[in-house]
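Single-structure report; data block below.
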Amino acid sequence: MLEAVVNRMLQAIITFIGVILLVFFLIRVLPGDPARLIAGFEARPEDVQNLRHLLGLDKPLPLQFVDYMLSLLKLNLGISYKTGGPVLNEILARLPYTAELAVVAEAIAVFAGVSLGIIAGLKPRSFAGYLVSIFGIIGSSFPSFLIALLLIWVFAVQLHVLPAFGAGSIQQLILPAITLALLLTGNIARLVKSSVIESLSTNHVTTAMAKGLSDEKIIFRHILRPALSPVITIIGIQFGSLMGGAVITETIFGWPGIGRLMVDSIFSRDFMLLQGIIVVFAVIFLVVMISVEILQTIIDPRYKEVYKMK
Amino acid sequence: MKLLEVEDLSVEYHLPQGKVKALDNVNLTIDKGEVVGVVGESGSGKSTLAHAVIRLVKPPGKIVEGRILFNGKNILELSDEEIRKIRGKEISMIFQDPSSYLNPVYPVGFQVAEVYEAHENTNMRKLNGEVVSLFKKVRITDSEVRVGSYPHELSGGMKQRILIAMAIALKPKLLIADEPTSALDTTIQAEILSLLNELKEEYSLSILFISHDVGVVSEIANRMIVMYAGKVVEEGPAKRIVEEPLHPYTKALVLATKTTRKKKLFSIPGTPPDMLNLPKGCPFHPRCPYAKDSCKEWSYRMIRNHEGGVACAIYENTGSS
Amino acid sequence: MIRKETLLKEMNEHRKTIRVATWKAFKRNKISLLSLIVILSVSALSTVGIVYSPYNPYQPNFSGALMPPSLAHPLGTDWLGRDILSRLIAGGKYTLGLAFVAILIGATIGTFLGLASGYYLGLVGTIIQRVSEIFLILPTLIIAALFAAVLGTGLLSTLLAIAIPTIPVYAKLVHSAALRVRNEDYVEAARLLKKSGPYIMFNHILPNILHVVIVQTTYYMGTGILTVSALGFLGLGVPSPTPEWGTMVGDAKDYIFSYPFVVFIPGILIAVVVVAFNILGDGLREALDPKLRRLL
């Protein structure tokens, strides 16, 4: 078990280095002189040259990469081309906003998706069954900006009940969180529905019935618990689209999170910041992925066997 | 003293391709302490019968007709709560494939303890001792350790013992055993059979024992019922049926069992009937070596005597056998 | 020789039967049929849009700005007085066309790599799989934004921003599908006949996993359109005044308080087309699934 986890970590670290390599070289291939960008266009050439030297930009690319990796070990993500401050500080200032949004959205999505999925799974032809399909279509096919704008139009423009913009209050959190949640709910609901249906027809549910267990206990213990482990997997998988959605949602709602910071960094051509953000994203995704796998082994003992086999 | 009386029980499955009559007017009685075996090929309706007795027939299956009297009460008329109280306590069930009938995500001890919890409202934590002694009763070695094991860590025979422990926990009156040994090796089969025999004596259990194997059934059953295409075709003392089968289908079944034991494969000629399009008349006639033209017109009738009966045209002119 | 010809003939007959059965199964599903019609008509209009649109989609007309839908302008005009219908028709070649070409490129390269890594299991396969994983760890939109950032806004960079992240998706999908069939008898037989690797890949493995690729491509068209329009919306894709549908929504978003139709018409069109592709994908998957077909 421990060996398997260590193995998985090593794999994750290799993938992580791969991501950095990809981003690093992609950004370095493009034209443009970061030193000039930071120093400003009025700066004297020798100042630019000094800065370039200071940032290590005059070294060969592979060496720069090694430098970057070494500084990463010291949690140093480099200096923002635009503000001149440490990239890490800028990201850390914005991260809590995205985390708040993501956690609230995921919580709404899990709650709505799981409850809808259960009802629909127990009664596939009910109203809940159709709702699952509708949420599924919205989540998989609606552009996130359309969902955001529709919500703004209904709740801010027509009903005047919620603000369309800004961050800081609970009211301002609601619309962006629902936008993101709508992207995820359908997927969770569909999955829970099909796994409830599957679990209903399993033989161990027959055993539970033959024991004389009450309906509630059969549903919660023997139908839902086995149906739960795919939900955890999908939360892990969805984390990516959650962050992708956050880029759009934060931009529309003026939410000062890391997604909007990313768009800003692209517009201001602050590639050190952009690179730092993607590195942070990659770390988050990998941590989520590994946590999901560990959680799985706790919830479903069969996963331990899978590990042993590996 | 009758414990269970099944009267004219019919179960239908409504499939997209059409309607299947899985049980067609089946009659059956079990006395207290008696073991009744039900044999037949797969698709004969024997497993549906087992599930119907505690109302566990799943959609698209539906009990359409008949009565199931348990201690004089009609099980089909009970409320959901009343039937729940009977399941696991008065009538319990064990199944063919013990692996899939145990929930993979809970320790087996917990799953056995659930039976007490369902009927006696006991706190789960206090049950460990009872579960351990129950495990000893069904001869699980290292029972203190095994209560904490997960199903995937145990062998098939061990899992069947756990299902048996679950079934006998509350000393039920009737045990329904749906092919309990079919998925196991021959040696384990024998062990499970002797365990069931012992428990039967100790608890004066009545058992409804379902199997496709006449040999296995004859080792435990007092009486035997043979089913074909949803109907009872022969009924009588187990010994008599094995030694002198009457119905051509029973003869074929017995022969099949004997030759299989000798490691020679013999199966009943022809294919099992298509339940969607049963042949007219006697459903067995296309495979029957004794079939006459009149068998295509024959309508189901059981010729009875004091200890059983047979439903076959051969015996109709000569009266009962 | 005659035997071989009969065999070939039989095989073609068999394939034809499968095609007929697939179409029959597909036709039964009315909603997928409707989706196909929606996709075909929107695509036809977009093709027409390359050469013709009722009004000039770029020409401002300030006197007729922000007019609600009318006979002259069935979908109204935007804040510069441009006819929205004309812009949508002219913009289809960007939104749909870009997604289509990008997915086609990405799918072709990805399928090829996936076949190669599924057939040659050794080092080549491992490298392809590892590189794919690096791409797959990041969400599509973020990779696309990264490419857009590096390459600048515009047609070509949007094309690459969508095509490149598509490659690993197909590489992985085709790889695992190829693994499932590579040990089948017919592949084994071809190997014994000393057929070359590429020959086996394209003649024996690809035809048997093609349905997976087709279904995936239908779904991925939806994803591609969403990514093109999301990039456009953010200002990282096809730049305005080009009437790419996402760009149109992005440019119009401030009018949501006063003239919401300017925002929602292109937005809803995107949603409708993507919904159609996803439903079509579901329908195709069911129709092409050999297991489901057997049940019919």
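Each chain carries a letter (A, B and C) given by its place in the written order, and its residues are counted from 1.
The criterion applied here is as follows: contacts are C-beta pairs under 8 Å (C-beta built on N, C-alpha and C of every residue); 3 or more make two chains touch, one makes a residue touch a chain.
Model, not experiment: these values are computed from the prediction.
Asker: Report the chain whose CA-based centre is farthest from the CA-based centre of chain C.
Answerer: So the chain farthest away from chain C turns out to be B.
Asker: Select, from all pairs of chains, the pair with the highest number of C-beta pairs in contact.
Answerer: Ranked by C-beta contact count, first place goes to A-C.
Asker: Please compute the C-alpha centroid of chain B, do the same for chain C, then give the distance between them in whole Å.
Answerer: 55
Asker: Based only on mean CA positions, could you tell me how far chain A sits from chain C in angstrom?
Answerer: Between these chains, centre-to-centre, one finds 24 Å.
Asker: Measure off the straight-line distance from the CA centroid of chain A to the CA centroid of chain B, and report it in whole Å.
Answerer: Their C-alpha centroids are separated by 52 Å.
Asker: Quick one: which bits of chain C touch chain A in the complex? Just the residue numbers, please.
Answerer: Against chain A, the touching part of chain C is residues 130-131, 133-135, 137-142, 145-151, 222, 226, 229-230, 233-236, 246, 249-250, 253, 256-257, 260, 263-264, 267-268, 270-271, 274-275, 277-279.
Asker: Please output the residues of chain A touching chain B within their complex, sorted ascending.
Answerer: Answer in residue numbers: 201-204, 206-215, 217, 221-222, 225-226, 299-302, 305.
Asker: Write out the stretch or stretches of chain B touching chain A in their complex.
Answerer: Listed in rising order, the residues of chain B that touch chain A are 51, 54, 56, 58, 80, 84-89, 92-93, 95, 97, 100-106, 111, 114-115, 117-119, 150, 152, 163, 166.
Asker: Looking at the complex, which residues from chain A come into contact with chain C?
Answerer: 14-15, 18-19, 21-23, 26-27, 29-30, 137, 140-146, 149-150, 152-153, 157, 240-241, 243-245, 247-248, 251-252, 262-263, 265-267, 269, 271, 274, 278, 281-282, 285-286, 289
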